[in-house]
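Everything on this sheet refers to the single structure shown next.
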Amino acid sequence: MKTLKNRDTLSQIVDCTFSPHNEPIMRVKPGETVVVETWDCFANVVKPGRELAAVLKSGETLYENPVTGPIYIEGAEKGDTLAVQIVDIQVPSMGLTTVMPGFGALEGWLSESPVLTKFVSIRNNLAYYKTENGKEISFPIKPFIGTIGVAPPYESISTVTPHKHGGNMDVQDVCAGNKLYLPVGVEGALFAAGDVHAAQGDGEICGTAVEVPASLTLKFELLKHKTIEWPRIESEDEIMTVSSAKPLEDAARLAYRELIRWLGEDYELSPYDAYMLLSLTAKARIAQIVDPLYTVVAKFPKALIKP
Amino acid sequence: MKTLKNRDTLSQIVDCTFSPHNEPIMRVKPGETVVVETWDCFANVVKPGRELAAVLKSGETLYENPVTGPIYIEGAEKGDTLAVQIVDIQVPSMGLTTVMPGFGALEGWLSESPVLTKFVSIRNNLAYYKTENGKEISFPIKPFIGTIGVAPPYESISTVTPHKHGGNMDVQDVCAGNKLYLPVGVEGALFAAGDVHAAQGDGEICGTAVEVPASLTLKFELLKHKTIEWPRIESEDEIMTVSSAKPLEDAARLAYRELIRWLGEDYELSPYDAYMLLSLTAKARIAQIVDPLYTVVAKFPKALIKP
Amino acid sequence: MKTLKNRDTLSQIVDCTFSPHNEPIMRVKPGETVVVETWDCFANVVKPGRELAAVLKSGETLYENPVTGPIYIEGAEKGDTLAVQIVDIQVPSMGLTTVMPGFGALEGWLSESPVLTKFVSIRNNLAYYKTENGKEISFPIKPFIGTIGVAPPYESISTVTPHKHGGNMDVQDVCAGNKLYLPVGVEGALFAAGDVHAAQGDGEICGTAVEVPASLTLKFELLKHKTIEWPRIESEDEIMTVSSAKPLEDAARLAYRELIRWLGEDYELSPYDAYMLLSLTAKARIAQIVDPLYTVVAKFPKALIKP
Amino acid sequence: MKTLKNRDTLSQIVDCTFSPHNEPIMRVKPGETVVVETWDCFANVVKPGRELAAVLKSGETLYENPVTGPIYIEGAEKGDTLAVQIVDIQVPSMGLTTVMPGFGALEGWLSESPVLTKFVSIRNNLAYYKTENGKEISFPIKPFIGTIGVAPPYESISTVTPHKHGGNMDVQDVCAGNKLYLPVGVEGALFAAGDVHAAQGDGEICGTAVEVPASLTLKFELLKHKTIEWPRIESEDEIMTVSSAKPLEDAARLAYRELIRWLGEDYELSPYDAYMLLSLTAKARIAQIVDPLYTVVAKFPKALIKP
């Protein structure tokens, strides 16, 4: 199995983009499985003894959301769909959460604007958070890939931003066992991923989750001549669509419109049947409201209908 | 046990509001349980043989979202909190779903703007939806109260609109077994409810759910001198806050801010501990994006921390 | 000529609304001219020696945006339009501007959140503002009525909020010489006004303008069976529509849609001719982005076309 | 004087971007004046006898918003400001306005969704528009550059989108006589322009203005080590800032924040003096609400204060 180290992307982590202009650093055939090593959202520079406030103060470059890649998928062309089976996500025994000026859904709504770094230890699939007054609070982890995507057709988009190409969507359903579909925009697709979260609440409101470096096992497939507009996800129980926009209601509308299309393409539902059925049965998760565009994932239960 | 029939509210169903100016039609003491009979969102006028298009065409008044009440809660004063234990919700064997011009999250995004009425039969806790091409799709019902609230301190707010007083929130967690907290705005609280949904997807995107008349069993309690800003809900597993605003991200922000307050009041979490923990563990459901203000419910799992 | 003193409204200035439930304190016939005395937005309680910070600290009630009225217009019924000719606006020799926590378009974006009161003297149609470092900056005043409206059909709306009934629109074109059209919602219209600004920038971004009490001379006319959806204004040179919504682009869309209607009703322009001509020639002013809904006024030059 | 023909950019008009990756096609020294020939927003392919509907139907590529450039400015580096004096804008005797599905501020709000092309003749500084029912309506032209900007620091942004680098701002004040300031993002700045409008209303609501090819006379100057965040404009009477965001109120807030900075840098006003003075005296124009981000220009009158 091929392995892609995050160090292989070192030259690209400053001003990191999903872009047709980035040089691929690995080539993969449809059907292949690859292990991809990823940085955390700060390129692993914040650590015990080197908190975020110290890094900011030092003037050292704070890499924003580096991804590992791009991987060139042989045979992929604009108008195809890249399917990424997420086989496994391995995370370390510690992650971190931060609060930063200029970032976060409630910035300016709470009384201060501090720089905070909180290290969260991880063991036996539980994360342990220690409060200011010394309590330890534990909760289950559910690792997923925060930033994952392909090159857009002609724009170069910062890895901080989510859009049609994927990117910084922060959707918890991009987890082991699920399959992510991405719209290929350029020859070779130019896939990349990073920014794994060991756990995250809906909205990611303080601007960060349990941020971790990780090791991903990904299997790539190619759906030739299958065109989608926004990323889609399939789990055992649900089909899902992911859209990113501002304001947040537009993200929801776009995700539902894409889901109506999917229900038409594969489940023979008319637009208005799909519209009403979604109004009666769908789930919609606010993935994040802290990145340059906000992300909603809309979900339809597969139990209701056969393809 | 007292029973309040929807007919008792007949004089108020035109231009229906939550208002300090409405005359109470029943008085209840804290601790009492009441059965409240409610209309569906069209005051039960749309039925088989009398579809929405026919009603609209006839020029007959289409009552919008009538509620049953108001109920005067003895001893309630501005600054208190009214707790409503939802003991039971009984629904009939048929509900209806409609699509209407000028309403719905995807209006203008789909190719036509029809008036549609779809009757949905209900049996054994399942709803049955029949598609245009004759398939029958079934899904579990989970009845909840779509519109429920008290009089605001001095404004009169249409029953179509959700806000701090409750109103047309369309939150699926206002269901049997859960407790809803509402901020008392005037003497006697002036509680009312209606618009029950047998089932609803997140967003209620076509503008309606499985709309039903219903019979509610509600137990009222009063928390004297306990002041909250937005409605709160408690289930066995979660504490939740409900906010309504535009754009949708503001509803999410307000709900999370109220949840941070709750975690401070009852769980001894500092604002920034709460902010980060919610960023790591909270759920946020888009309740609806079709009413005059949009509604988000934010949730924190009680398993994580003891009060 | 009748005169309405602001003292006549004393009983209503707490929890002030535009409401069908408010008792009229004067009756006027169409064609009559009335002098209306108005408070400033704080009911004249903030003054030299009694700055806003002191009022807030004292716990004294801070009246929010009191209006003088309501005035019952004889013969007015729901579905009519009330035309208000603004004959004159007299302002005193001093106004005030404040910055307040929880208010203002850039709250949380500037480094502090102070409470500030700035007195602005007015002489010879110029306002004089003194900076922190002692410079005096003068600019022309252009007094207008910030809050003006009628009772909505059945809701009671705080005087802080603008909507279809008028209210706290803060539109600079509601000035002497112009005519304002308001949609009558209830019998008698129940007109009221207040919150005059001697001068205001677009957006009213710090949350206040040059706030003054004032004396208005208003002439009322009634357009029977003429129905409009949003307030309209006519000056010598322009026809204008005013809409209030969130987000701000919706206020702009609604104002333009109302202007397209007006161009269809009175100028024989088809919807698409009006749409394109507005795209080529209209003006749109951001009136305010600080009230509960935001206001845009859209304008079409009368020189282009004859009614 | 150097002249840059739009034909020189032919290789770049498909998938047109402002991008660090575009190859400059001309080099200019600070102080030089250049004549730049620009396409209209459809690359001049729509013309009498070849209306938009026919082009769309033919499947022919519809170039979106091509710009002429990039021009490499000698000595320009990231962190500098490029000043562009707009000396002259020459427009032809005919422009065009279109309505297109999927575009326009009121799409889905009017009854149909047609494809329309309207040719507008221009003579003696007046534009002549012919209505469906045969009336001719004339109005003054005021040509300005709709799309103008430099390469962003590392992203590649479609020429359809406005942002910090300039781009498709559609601000009427980018007209002859005024000076535009742009934040240099990369070595050489990589300036380009196109999409001239002979006239445009605020909001550009149908999605187009009077679209024309044009000949621009531009003089470039470089402000070394002067850093700005958003484009700025200076006219004889006003200083202005231009921001693009969604929702529209965020564009207004960002523009005002940049204007507060400018008033601090050059006019010795404290942030709160600037905040209050803008609240009392500023103008804010809605430039457009049809592009991927919406644009507001905020203005302060120079008469009030000396630099």
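Each chain carries a letter (A, B, C and D) given by its place in the written order, and its residues are counted from 1.
We take it that a residue touches a chain if its C-beta (ideal position, glycine included) is under 8 Å from a C-beta of that chain, and two chains touch if they have at least 3 such contacts.
Note that the coordinates shown come from a computational prediction; the quantities given were computed from them, not determined experimentally.
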What chains, if any, are shared contacts of subunit A and subunit C?
B, D
Dist(centroid_CA(subunit B), centroid_CA(subunit D)) in Å evaluates to 47
Euclidean distance of C-alpha centroids - subunit A vs subunit B, Å
33
Provide the list of subunit C residues touching at least two other chains, using ranges where the numbers run on.
109, 246-247
Viewed as a graph of touching chains, is the assembly arranged as a line, ring, star, complete set, or other?
complete
Interfacial residue positions of subunit D with respect to subunit A in the complex
15, 17, 19, 21, 153-158, 245-247
Would you tell me which residues of subunit A are touching subunit B in their complex?
97, 99, 104-106, 109-112, 114, 116, 118, 120, 127, 129, 131-133, 135, 137-139, 199-210, 246-249, 252-253, 256-257, 260, 268-273, 275-286, 289, 294, 296, 298, 301, 304-305
Interface residues, subunit D side, partner subunit B - complex:
107-109, 247
